[in-house]
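Each structure below is given as structure tokens.
Look at the two complexes coming up: chain A is in both, with chain B in one and chain C in the other.
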Partner chain A sequence: MNGTAKRIRNWLEVRVGLDELIRSNLTDYRVPSNINLFHTLGAVAVVGYLIQVITGICLLIYYIPHADHAFRSVQEIMTRVPYGWLFRQMHVVGSNLLIAAVFVHMVTIFLMGNYKRPRELTWISGGLLMVITLCFGFSGYLLPWTQLSYWATTVATSIPTAFPVVGDFVSRLLRGGSSVTGITLTRFFAVHVSLLPPLFVFLMVVHIALIRRIGLSATPFGRSDEEKRPLTEFRKKLHPDGYPYYPYLLQKQALMGILYFVVMFLVISFAPTFFFPEEATVPADAFKTPESIRPEWYFLAPYQMLKIIPNKFLGISLQIILLAVFIFWPFLDTHKEKNIFKRPVLRGVFIAIMIAMVILMWWGRR
Partner chain B sequence: MRRRTFLQSLLAVFGAVSVASFAYPLLRFLAPPSDANRDRKFTLAKKDIPIGTSRVVLVNDKPVIVINEQGKGYIALSSVCTHLGCLVGYEAAKNILVCPCHGGTYDLEGNVLSGPPPRPLSKVPLKVESEQLVIG
Partner chain C sequence: MRWYIMMLGLLLVFPLTASGDYREEFEQGFLTKTWSGQQPEENFCIECHSSDKMKPEFLTLAEEWKASWHAQNGIACHDCHGGDPKDSSMSMSPHRGFVGKPSPAEVPEFCGKCHIGILKNYMESGHGKAFRSSGNGPNCVTCHGSHGIQQANIDIINEQRCTKCHSYDRARAMKQALFLTEKKIGELAADLLTLRKEGVYIEDQRKNLFSIQAEFRALFHSVDVNLVKDRTDEFSHKLAAVEKEIVSTRQELRSRRNFSAFLLLVFAGMGSALYLLTKTPKE
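Here is the complex of A and B:
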């Protein structure tokens, strides 16, 4: 290192404490030695979220949140603005990939039993992050003001009306009136760009701070990783026999982050219309409902479930209960065994839920 | 009462009052304006709807389908499907209204014939004058 660089480094060291930061966060921070690739998925979600933030800010520069201009401004981003297509594609494909990544992250955490005590709050903050991610998808869907976005939003914002008393109010609150109009567009825009991002960042900070404080859990396969002592006092999981976070896990995470980009650009290059069915290229028309309206793939399963339950009120209540079970799962499953292969009932339930979801999605697509 | 406790209670009261006094304005700010007492009529020239066709118009911001039924004349119904809010369309060949979203069907009185809609379409008053229709 030459003299100037050394001086800058030293200047920082005195004021920020670089060495200490590097030591406590990278080299002395130990992760379990049997860590696997699935432990990188949380970091992949962080990368995916950053991509959404950056590309979203790019889109904001040209997008106009007004019913008369939204569609045209998006078309101009796609055709006139230099590389506008790139940032829009990254934002659209990225939103779908992010939801997929968060979902897989959650499933693997579930399979490894890593939500168990003392990590209940880590799971809950994660579950809320998943809900916020879905809200991002829902509110962003309306913004291009296409036939698809207009009518999918009309259908979705009608769903609360099945609730007696408050239902109509909730639906009107979401829409800002009795039907989806320009007022709805500005509401959704405000939620999408100014309400959800700080909420997301807050929950992400909580999520990661908890993980850092408690220490990563090891994979329960091949060795036991249960907390056997009664949890009356805090003890950090230190993994004295583990590896330092840098380079072992950080490099794995970086590699998976790059893989995320690879998948994203494979879709953008070879299937650029994958997330743009025909109705997504026609401007919204409040006087004409197109033939095939269906929600994004990640809402297909709940949507189909609502359709097949004849009583709408029952259907929605059931979904709210399922959501609550999902968020508060660590308090319902207090069995100490983390390895799902040693829990035949739970494993059976898990497989049944996955199959049901796939069937509902496939059914809802048609 | 100790000075400390007094200050604490004072703070709690003022805090609660400030929060509460913003809660109501915020709720009102977010809630949409009521459109209950609007009743502007909509007029439409008869010749705009030939026999066996229909048209969707906005009456007081609500979509209404006006149908000119062969042999029976003009009918106006809310075109918002009572299931999940898609707009129904007129199928002249079968003389029914069909919802494109989940296939609900209605007769021209607004009654549900099949599919998921839970309630009939509401009727909208319609007056036929010499050259035009007055809806609403």
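Here is the complex of A and C:
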């Protein structure tokens, strides 16, 4: 370490206690010794969010949130702005990868039973983060103002009308009128860049703070170190026989973060139109309905479910109930056993739900 | 747990509070027609011309139009015939500009309301002169048809059609004069379509190509082989400019892919190096 760096380090040390800060957060912070790659998915999601923030700011400089200019400004970003295409591709591909990463993260947490007490609040904050991530995807989808985004949003914003009394109000609130117009675009833009980010940051801080406060949960497979004591007082999980966070888990997280970039650039290089179907290059036209309208892949299962349930109100209510069950699952599943392999009923239900989701997605895509 | 079950039960009962009318209305609209809210839902032209009350000779018109190039480009009945398709009582009213079926002598002016350049060249052509002198010469529908009109292409010039009135020699010479330029236009249109499928916004180039094509086809309607030959170079230059843009876009796409692949390799390299580090975890 040269003189200047040493002086800066000393300057920080006497003011914020840098050494202790690093020690307590990196080397003295112990993680379970049987931790696996799935424990890195949360960090992968953080990397994904950071990419979205950085590329989003780059797009924000050139994007014009007005119905007359939105499509054109996006085309300018793609063709004239230096590396604008790269930022947009990273933002679009990144949003899809991020949602996939968050899904897998939630599923693995579920499989490892890490939502169980005392981590109910961590699960709920994670579930809400996933909902906000989907809201990011939904609100951002309209912004390029293409045929694809216009009509997908028209369908999506008509869904609340299934509710009596409040349905029309909610739909009009989302659209800013009876149909999707420039007002809807500015509303979605405002939600996408100013309402959702602070909400998201707040929840992410709560989520990470809870993880650090309670301590990482070990995997229930193989050697399990979970205590089945009654929960009468707070006791942080310290894992004294575990590995230090740095380098053990941090390296794994960095590796997975890099893998996230690799997958992203793999899609951008060799399948650049994977998330850009033909309608995504046609400007929105309120008078020309495309032959097929379908939402993004992550909304395909609920979309298909709505289509097959004859009563749409029942269909939407059922989805809200399922979402509520998902978010409040730790309070419904009070069984002490974390290992899903020792719980055949839960395992069967989980497999059935996964198969149903895949079938609905495939069906919805047709 | 009792509370959860009660709450879930309450949520399941809640759907039943929806009124029957509301649900029915929603089911009719949702996932079927809701998204076409701004489009005129009613078209009395189509409705009447598809009904059993219509005379058989007029019954096929709507179906022919639906399969036509006009329909694909949003040109509806009232765009040519006038009238009000949304109001059954006024759908055929002259007060709403209804003109009905034009007489053979009115056909060129009827189509020429939109196809202005073509009308001018046609009127000055041998076809137009014959039409004006006899009132019954070849007009627009002779070659293009009417309600079932399809996208024009060079094959409209064929021996069967042209020899109805004259020998095929001049028509063949015209077809040969048009061939290369028409072929180029077709290739460029296909290239642009491919670019669009690759996610490129091609609307400006497409409009430019369409304008060149329209101008060239307007020129053809003069049925003057020498004039077409004389001006073919001019059109070739215009098409070359469009082709240059397409080539440049392709190069841009290639360089993007290369740059992205480079980033992919950089991250793959970083990942490999880190993997070797993580293989032997040490406290």
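Assume the second predicted complex is superposed on the first by the 363 of 366 C-alpha atoms of A that agree within 3 Å, B and C clash if a C-alpha of one lies under 4 Å from a C-alpha of the other, contacts with A are read in each partner's own complex, and residues count from 1 in each chain.
Convention: a residue touches a chain if its C-beta (ideal position, glycine included) is under 8 Å from a C-beta of that chain, and two chains touch if they have at least 3 such contacts.
Since this is a predicted model, take the numbers as computed values, not measurements.
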Practice task
Look at where chain B and chain C land on chain A after superposing the complexes, then choose clash or fit.
Solution key: clash
Exercise for the section: Check whether A:Tyr243 is in contact with chain B, with chain C, with both or with neither, and answer first, second, both or neither. Expected result: second
Handout entry: Touching partner for A:Ser178 - first (chain B), second (chain C), both, neither
Key = both
Practice task
May I ask you to decide whether A:Phe261 touches chain B, chain C, both, or neither, giving the answer as first, second, both or neither?
Solution key: second
Fill in the blank from the handout: Between chain B and chain C, more residues of chain A are touched by C
Exercise for the section: Go through the superposed model and pick first if A:Thr79 touches only chain B, second if only chain C, both, or neither. Expected result: second
Exercise for the section: Examine A:Thr273 and indicate which partner it touches, taking first as chain B and second as chain C; both and neither are also allowed. Expected result: second
Exercise for the section: Go through the superposed model and pick first if A:Leu332 touches only chain B, second if only chain C, both, or neither. Expected result: second
Handout entry: Partner chain(s) touched by A:Trp151 [first = chain B, second = chain C, both, neither]
Key = both
Exercise for the section: For A:Trp297, decide between first (touching chain B), second (touching chain C), both and neither. Expected result: neither
Practice task
For chain C, sort through 5-13, 23-31, 131-139 or 185-193 and name the stretch that clashes with chain B after the overlay.
Solution key: 23-31
Problem - chain B/chain C common contact set on chain A - result: 151, 154-155, 158-159, 178-179, 286-289, 293, 307, 310, 312
Fill in the blank from the handout: Per the touch rule, the chain C residues reaching chain A in their complex are 1, 4, 8, 11-12, 14-15, 17-19, 22-23, 26-27, 29-31, 34-39, 74, 196-203, 253, 256-257, 259-261, 263-264, 267-268, 270-271, 274-275, 277-278, 281-283
Exercise for the section: Spell out the part of chain B that touches chain A in their complex, as residue ranges. Expected result: 30-33, 35, 56, 58, 61-63, 80, 83-87, 89, 99-102, 116, 118
Handout entry: Sites on chain A touched by chain B in the complex
Key = 151, 154-155, 157-159, 169, 172-173, 175-179, 181, 183, 286-291, 293, 307, 310, 312
Practice task
Give every residue of chain A touching chain C within the complex, in rising order.
Solution key: 75, 78-79, 85-86, 89, 151, 154-155, 158-159, 161-164, 178-179, 243-244, 247-248, 251-252, 254-255, 258-259, 261-262, 265-266, 268-270, 272-273, 276, 278, 280-281, 283, 286-289, 293, 306-307, 310-314, 317, 320-321, 324-325, 328, 331-332, 334
